[in-house]
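Attaching a single structure in structure tokens format; questions to follow.
The letters A, B and C name the chains in turn, as written, and every chain counts its residues from 1.
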Amino acid sequence: MSVLLKINNLSGGYYKEDVIRGLSLNVSQGDFLGVIGPNGSGKTTLLRLATRVLPVKGGEILYKDKNIARMNLKEFCRKVAFVSQDVSTGFSFTVMELVLMGRIPHLKRLQYETRKDIEIAREKLKLTDTLSLQDKRIDELSAGERQRVVIARALAQEPELLFLDEPTSHLDIGHQVQALDLLKKLNRKNNLTIVMILHDLNLASAYSNRIALLDKGIIFKEGSPEEVLTYQNIEAVYKTIVLVNNNSVTGKPNVVLVPGEK
Amino acid sequence: MRLKRNLLILLLLLCIAVILGLLKGAVNIPAANLLLKDNQVIFNLRLLRIIAGVLVGSGLAVSGIALQAILRNSLAEPYLLGTSSGAGLAAVSAVILGVSRIYMPLVAFLGAALSIIIVYNLARERGVIADKSLILSGVIISVAFSSLIVFLVSLFGNEAMHEMNWWLWGSLQIYDYKLLLLVAFPVILGICVIYLFAQDLNAISIGEEEAIHLGIDTQNIKKILILITALITASLICICGIIGFVGLIVPHMMRLIVGPNHKILIPTTCLAASVFIIICDLLSRTLFAPVEIPIGVITAIIGAPVFIILLKKGKRIS
Amino acid sequence: MGSFSSPSIEKIISLSPDYIFCTGLEQAPVIAQLRQLNFNVYVADPVNAKELFKTIEEIGQITHKIKEASLLIEKMESEIEEVVSKVKLIPQEERIKVFIEIWHEPLMTAAKGSFVDELITLAGGVNIAHDLIRPYCNFSAEKVISLNPQCIILAYMDSQAPLKLVQQRFGWNKIDAVKNGRVFNDIDPDTLLRPGPRITRGLIEVYKRLYPGK
């Protein structure tokens, strides 16, 4: 598998503080990488740096061996998409209008959306089970519906690499599985490379083929779910006692939390 | 389809407004006689006001749209960045210093430009403009300059006060048609450029980060758009003084009717704002003819209740 | 004592005046305050000559200068009478139509109830904006052009020549006053707008502009 994203000795953050300090990571094509770590470990910052929202202070990020800071932004966004956690929007666009915005990286400034663009948008709405909502205004939707719409928009960009920051936080368990199943399917069938921040360690375990555990701005441990999700690693980073057994259905590690108080 | 229908309706309304604006005025001229040579001057005067109205209405409304998208706040309006008080302060100072009337438009323009520069630089932090800083700086400068204006007026009395009234309430009374022509260039150009950025405005209005993820160079686009709205607003202040509510009400109203997609919003708002201003000007000229009520008063009196009604009824509310 | 519209109360008090003289309009809040402090305040806001004379008389009584007041009134009355008698000789059809421009942007004029309107009338002029709802209001340029005054008086100063200022306005060059160059701004606004002993000066100046050589 070719390496899609190379992160070499990355440093960056907000103002004077460098949240990420000397982080190195490779993402291969076809990876489903789960990014986990305690609050403040730099997961969101890492994604912001990788999607050009924050400037790189030290090190470099290469996409197919090209420095992302030197790429044309629209060209970059045709390859890389991002689903953010925050799904609130100010103005009340319709669902279709929002998902169509995912086509912007493919459109020149003055270009109107073509029939093909609308078809693509519709297809992505179907994939995320939101086609029936296409004419509804975004503020009429529930948080879960909004989150699926945002995923649809990112998919409409037809990226090669998709970053997601807690894409299932507002979804009920049924929709969680549905969304992640979809992403896994796209990952397998369409070779969509996925990098996803997840708080739920078991979701990460079930769907990712690789996991990166972040702590204090660097990678604490990286590898397969079995390699990373050991009780030693988790306790060292999360500072809490857990029990790790096997999920009888998936065969992957299952992290069980141990309450301090009963 | 829907856009075409909306545009046609608005175009029709505009034609009606223009015709009314030409027919009615302080002087009562029956329609049949309006085109006679004797009445040509008055006809031209009214035509000039209508042209100014279209310019002012579209310019202010589209500037309002741009600022509302950039700041992601539908309460933003063109004078937010201090242009109005800057122009007013410059004008009042000039009157006190005895500067001749012919330099007033230039003075006002410079005053507006100066306050934008100050607001912009106050809001800039490490080359990045934060939305909240921009709004805050704008408000601070507006308040500061407004108090300076009041201070000057209290010291220097009557003439300064008359001048202040013009800036406060505006007027479509055009004395210098050459100036109107001159101002038309940057305003029309500015409106076209903002329309060119419709795609970017759509993306920016849903979020700073979201826009970056869609390939929009937000920092540079914001700088360009702020500059253009400042140019449009300052140019319009030169010829018409300060006319409030248009840049706030009409965009908001149109957003409730046609939606927030800027590709549709911008052209429809231009037409709607022109109709609004022409009607307001008509009322200002005819309600108590031959006394003219300042147009800013009319836009406020009509604008405020319309706004409240729309807010309560509107399905698309941001 | 501070400025015209906002006199300094402290300064006034510190001088312990026996009497304070004000005009009503802009100084109302100050007047109320001074009265509360038990000062003797005399308020006058004459809108025509008759009221002005009454005011002078009353001030004369308060300041115990009754004789001087009477003399002043007599002098003013005779100056006014001089002008008025000359005006009587001018037939109605020949009375000059006047537009009095208080300010340019917004266009403001003075109507009945204002002192300057009274002066124009006394000087034999016809104020085209005489019948308006308020003594001072914004006026329509359209109306000025259609009423075609023969004389325009600007009640403010500008470094530009008054004729040039008005001539440049779109549509104003058709007005008789502009065509014949009868646009004036050289009458001291204080003698036109502020009721006081100097209004007779203003009256004479207005008459001279309206009927030169008569």
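Just so we're on the same page, a residue touches a chain if its C-beta (ideal position, glycine included) is under 8 Å from a C-beta of that chain, and two chains touch if they have at least 3 such contacts.
Because the structure is predicted, anything quoted here is derived from the model rather than measured.
**Q** Which chain is in the middle, if each chain's centre is the mean of its C-alpha atoms?
**A** Per-chain C-alpha centroids compared to the overall one single out B.
**Q** What's the farthest chain from chain A if centres are computed as the mean of the Cα atoms?
**A** Here the answer is chain C, farthest from chain A.
**Q** If you average the Cα atoms of chain B and of chain C to get two centres, how far apart are those centres in Å?
**A** Measuring from centre to centre gives 37 Å for this pair.
**Q** Roughly how far is chain A from chain C, going centre to centre by Cα mean, in whole Å?
**A** 77
**Q** How many angstrom lie between the centres of chain A and chain B, each centre taken as the mean Cα position?
**A** Measuring from centre to centre gives 43 Å for this pair.
**Q** List the residues on chain B that touch chain A in their complex, please.
**A** Listed in rising order, the residues are 69, 72-74, 196-197, 199-200, 202-203, 205-207, 209-210, 212-217, 255, 259-261, 263, 315-318.
**Q** With touch defined as at the start, can you tell me which chain C residues reach chain B in the complex?
**A** Touching chain B from chain C are residues 3-6, 102-108, 129, 132-134, 137-143, 145-146, 156-160, 165, 168-172, 174.
**Q** Can you tell me which positions in chain B touch chain C when the two form their complex?
**A** Spelled out, the residues of chain B in touch with chain C are 25-27, 41-42, 44-46, 48, 98-102, 104, 154-159, 162-163, 165-166, 169, 171, 173-177, 241, 285, 288-294.
**Q** So in the complex, the part of chain A that touches chain B is made up of which residues?
**A** Residue positions touching the partner: 48, 51-53, 73-78, 81-82, 84, 86, 89-94, 97-98, 101-102, 104-105, 107, 109-110, 112, 137, 139, 154, 157.
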